[in-house]
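Right after this note come the structures.
Shared between the two complexes below is subunit A, which pairs with subunit B and subunit C, respectively.
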Partner chain A sequence: MPDTSTEVALATTTLGSAAASIDFTSISSAYTDLRLVVVATSTQALNAGIRFNSNTGTNYSGTGLVGNGSSASSSRYTSQTYLKLDNFDAGLDTTPVMYTIDIFNYAGSTFKTALVTLSGDTNGSGYVNRSVNLWRQTTAISSVSFYAASTGNLATGTTATLYGIL
Partner chain B sequence: MPSSRILIASNTLGSSAASVTFSGIPGTYTDLVLRYSARSDGASVDDYFSLTVNGVTSSVYSLTNLTSDGSTVGSTRLSNNTSMRAYGCAGANSTSNTFASGELYIPSYTASQNKPLSNYGANETNATAVFMGAVANLYRQTTAVSSITFAPLVGTNIVSGSSFFLYGIKNS
Partner chain C sequence: MAVTKLSNSGIKTGILKYDSFLAGNTAYDPAATWLIQRVTATGGETSLSFTNIPQTYTSLQIRGISRRNTVGSFYNALQFNSDTGANYVVHWLYGTGSSALATGYTSYNYIFANRSSSSTDAANIFGSVIFDIHDYNSTTRNKTVRFFGGYDANGAGQIFNGSGLWLNTNAITSVTVYFQGDALAAGSTFALYGFKGA
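On to the complex of A and B.
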């Protein structure tokens, strides 16, 4: 039977030592969408973020829903310098947290939308988040950086895999 | 390019069952994904699943959820619990012929670390009693996940016609 899968692993990184970021570069434009799956811990409590094409302009915004174990709320960020994976109260720490980042029409010439899920229960604290994010640039995405957006590093064992969706 | 998502096993119930278990899961993938369409015999509009891994029923599970019923949202938490939760199971009082849908994602299921499990599920019924929820589960064990069991929490059985699909995701 021919291989008809539409989901292809493009690259994966597991940190052998603490690092500030995991970067995927020279991403082929041969796919329709991208999916980044991350299981992460950090050397200290910090916020994680995403940047596309190393862009540090104030081109990122997002709206999210968060549950913190006692209440649910919605919040928003605008004109920020990175995509805030855990702007909605959750941070990264020593308990593994899972992120999925679905990036739509990444090679197109319109602004880029990313749907993010965060599953970050830590047995007594933590969060569950769902958010939509926007990168207001029309250039194709050729690199994605998952990084520590505040003081500290991603910890050893943090794993990120980038998939292309045909 | 090789496939990243491979169907490992499926189970479409031909008769009611108290639970659905996938066992003997090989450790040859990077992540696992379970997708399902389910209904139970529970006397409510919405049911949901108790989820256990490797047959473990000790207090090594915890979760934080985010829920919506069409008019209100909420969030609750369970710590040191004996099972996790997965949404996406219609109850017996749900609109007839309606099966809820859900997905469970287990990344790095063979890694020697505690394991987060992400769930999203919904039950739309064309009525006021609907449900949509997301769960951040945590399994505090470093052993690889080799079996997963779904059991309804309101009902006694998962009814005939419910279907479960287990996929392995490879990152190379």
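On to the complex of A and C.
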């Protein structure tokens, strides 16, 4: 019988039709960290975001580093209403973009930190993005929403998997 | 009643015989990722160590959160096998929130990686980092490390991507997460994972 892996796929969602968000709810608190892996496209150019526990307060901030094929830059956002996955680049469109979001100590009582990678290339343009993000809440994370933070929807075929890491 | 005589007359013939006790059982299929050890600071530690690391994995990963218990951000750093010699090299690509920068250091006494938060920052803000250590059990090659980490404090913070090198061909049997001689805040936690396969 296989041993239990310490990285467990908790849930996977693949959109069968365009939707505003992919939501993971009732997340077990049995793990140390969470990892969300998303490969996404959108129905039009838009910015993607993350919200924890449906929290819409101005509790999100981040510091990022991005390369666009010709230069590198760094910037930050403060006191926003969602974790800005695309603050540092052009955002989502019809070419697939891969995100990984590592959420540390998600069930703990400290503020929550998330390391984000974004990889998007369109054969002539593209971005590589790395950021550290903060959610200034001490409550345990029990739901994660990956969503279209500006006008438009996530496109059919967008896939997201949430992993728990013991 | 005592057994006074043994006979094979009741044993059925035609029974399959195997040379291995594993025959007929589900094959052993070890999981891909293993938690080897987790260490948590109670406050004031200047280093946290993982020792007696099994040599049965392909690569190691360290994931952690940290915060300094005094003023001023600090660097997380790694040392292997308690080697304090000038045998480490590091290169960074990092962002300050306003500038993207790259730099490197040679002949260091540790692989110093990401900055983390401190008592300068609001309570409950911890930095985070992931170290990947590939080919850690090789006895013929130097050891390469990849790291990704940083902290954000809603108006301050830094993000780091980097590579490190330990100029030593010994297999890694212990890792010390070092904090440049400074002390950790309670709740800082690091976990060591082993990865099977490629």
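In the analysis below, the second predicted complex is superposed on the first by the 163 of 166 C-alpha atoms of A that agree within 3 Å, B and C clash if a C-alpha of one lies under 4 Å from a C-alpha of the other, contacts with A are read in each partner's own complex, and residues count from 1 in each chain.
By definition in this document, a contact is a pair of C-beta atoms (placed from the backbone, for glycine too) under 8 Å apart; a residue touches a chain by one contact, two chains touch by 3 or more.
Quick caveat, the model's predicted, so the values are computed rather than measured.
Student: Taking subunit A as the common reference, can subunit B and subunit C both be placed on it without clashing, or not? Answer clash or fit.
Tutor: Taken together on subunit A, subunit C would clash with subunit B, as the superposition shows.
Student: Quick one: classify A:Asn133 as touching subunit B (first), subunit C (second), both or neither.
Tutor: A:Asn133 sits against subunit C, while subunit B stays out of touch.
Student: Under the stated touch criterion, which partner chain does A:Phe24 make contact with: subunit B (first), subunit C (second), both, or neither?
Tutor: neither
Student: Between subunit B (first) and subunit C (second), which does A:Gly157 come into contact with in this model arrangement: first, second, both, or neither?
Tutor: So A:Gly157 only meets subunit B here.
Student: After the superposition on A, what does A:Tyr147 contact: first (subunit B), second (subunit C), both or neither?
Tutor: In the superposition, A:Tyr147 touches no partner, neither subunit B nor subunit C.
Student: Once chain A of both complexes is superposed, is A:Tyr82 in touch with subunit B (first), subunit C (second), both, or neither?
Tutor: Neither subunit B nor subunit C is touched by A:Tyr82.
Student: Does subunit B (first) or subunit C (second) touch A:Glu7, or do both, or does neither?
Tutor: both
Student: Who does A:Leu65 touch here: subunit B (first), subunit C (second), both, or neither?
Tutor: A:Leu65: touches subunit B and subunit C.
Student: Report for A:Thr113: first if it touches subunit B alone, second if subunit C alone, otherwise both or neither.
Tutor: Once the two structures are laid over each other on A, A:Thr113 reaches subunit C alone.
Student: Return the residues of subunit A at which the contacts from subunit B and from subunit C coincide.
Tutor: Touching subunit B in the first complex and subunit C in the second, residues 3, 5, 7, 65-67, 72, 117, 130 of subunit A appear in both lists.
Student: Looking at the complex, which residues from subunit C come into contact with subunit A?
Tutor: Contact set of subunit C toward subunit A: 26, 29-35, 38, 63-65, 93-102, 122, 124-130, 148-155, 157-159, 161, 187, 189, 191, 193.
Student: Which subunit A residues qualify as touching subunit C in the complex?
Tutor: For subunit A paired with subunit C, touching residues are 1-7, 32-33, 61-67, 72-76, 78-79, 102, 104-105, 108-111, 113-115, 117, 130-134, 136, 138, 165-166.
Student: Show which residues of subunit B lie in contact with subunit A when the two form their complex.
Tutor: On the subunit B side, the touching residues are 1-6, 30-31, 62-68, 73-77, 79-80, 105, 107-108, 111, 113-118, 120, 134-138, 140, 169-172.
Student: Note which residues of subunit A are touching subunit B in the complex, please.
Tutor: Result: residues 3, 5, 7-9, 12, 37-39, 41, 65-72, 95-98, 100, 117-124, 126-130, 157, 159, 161, 163 of subunit A touch subunit B.
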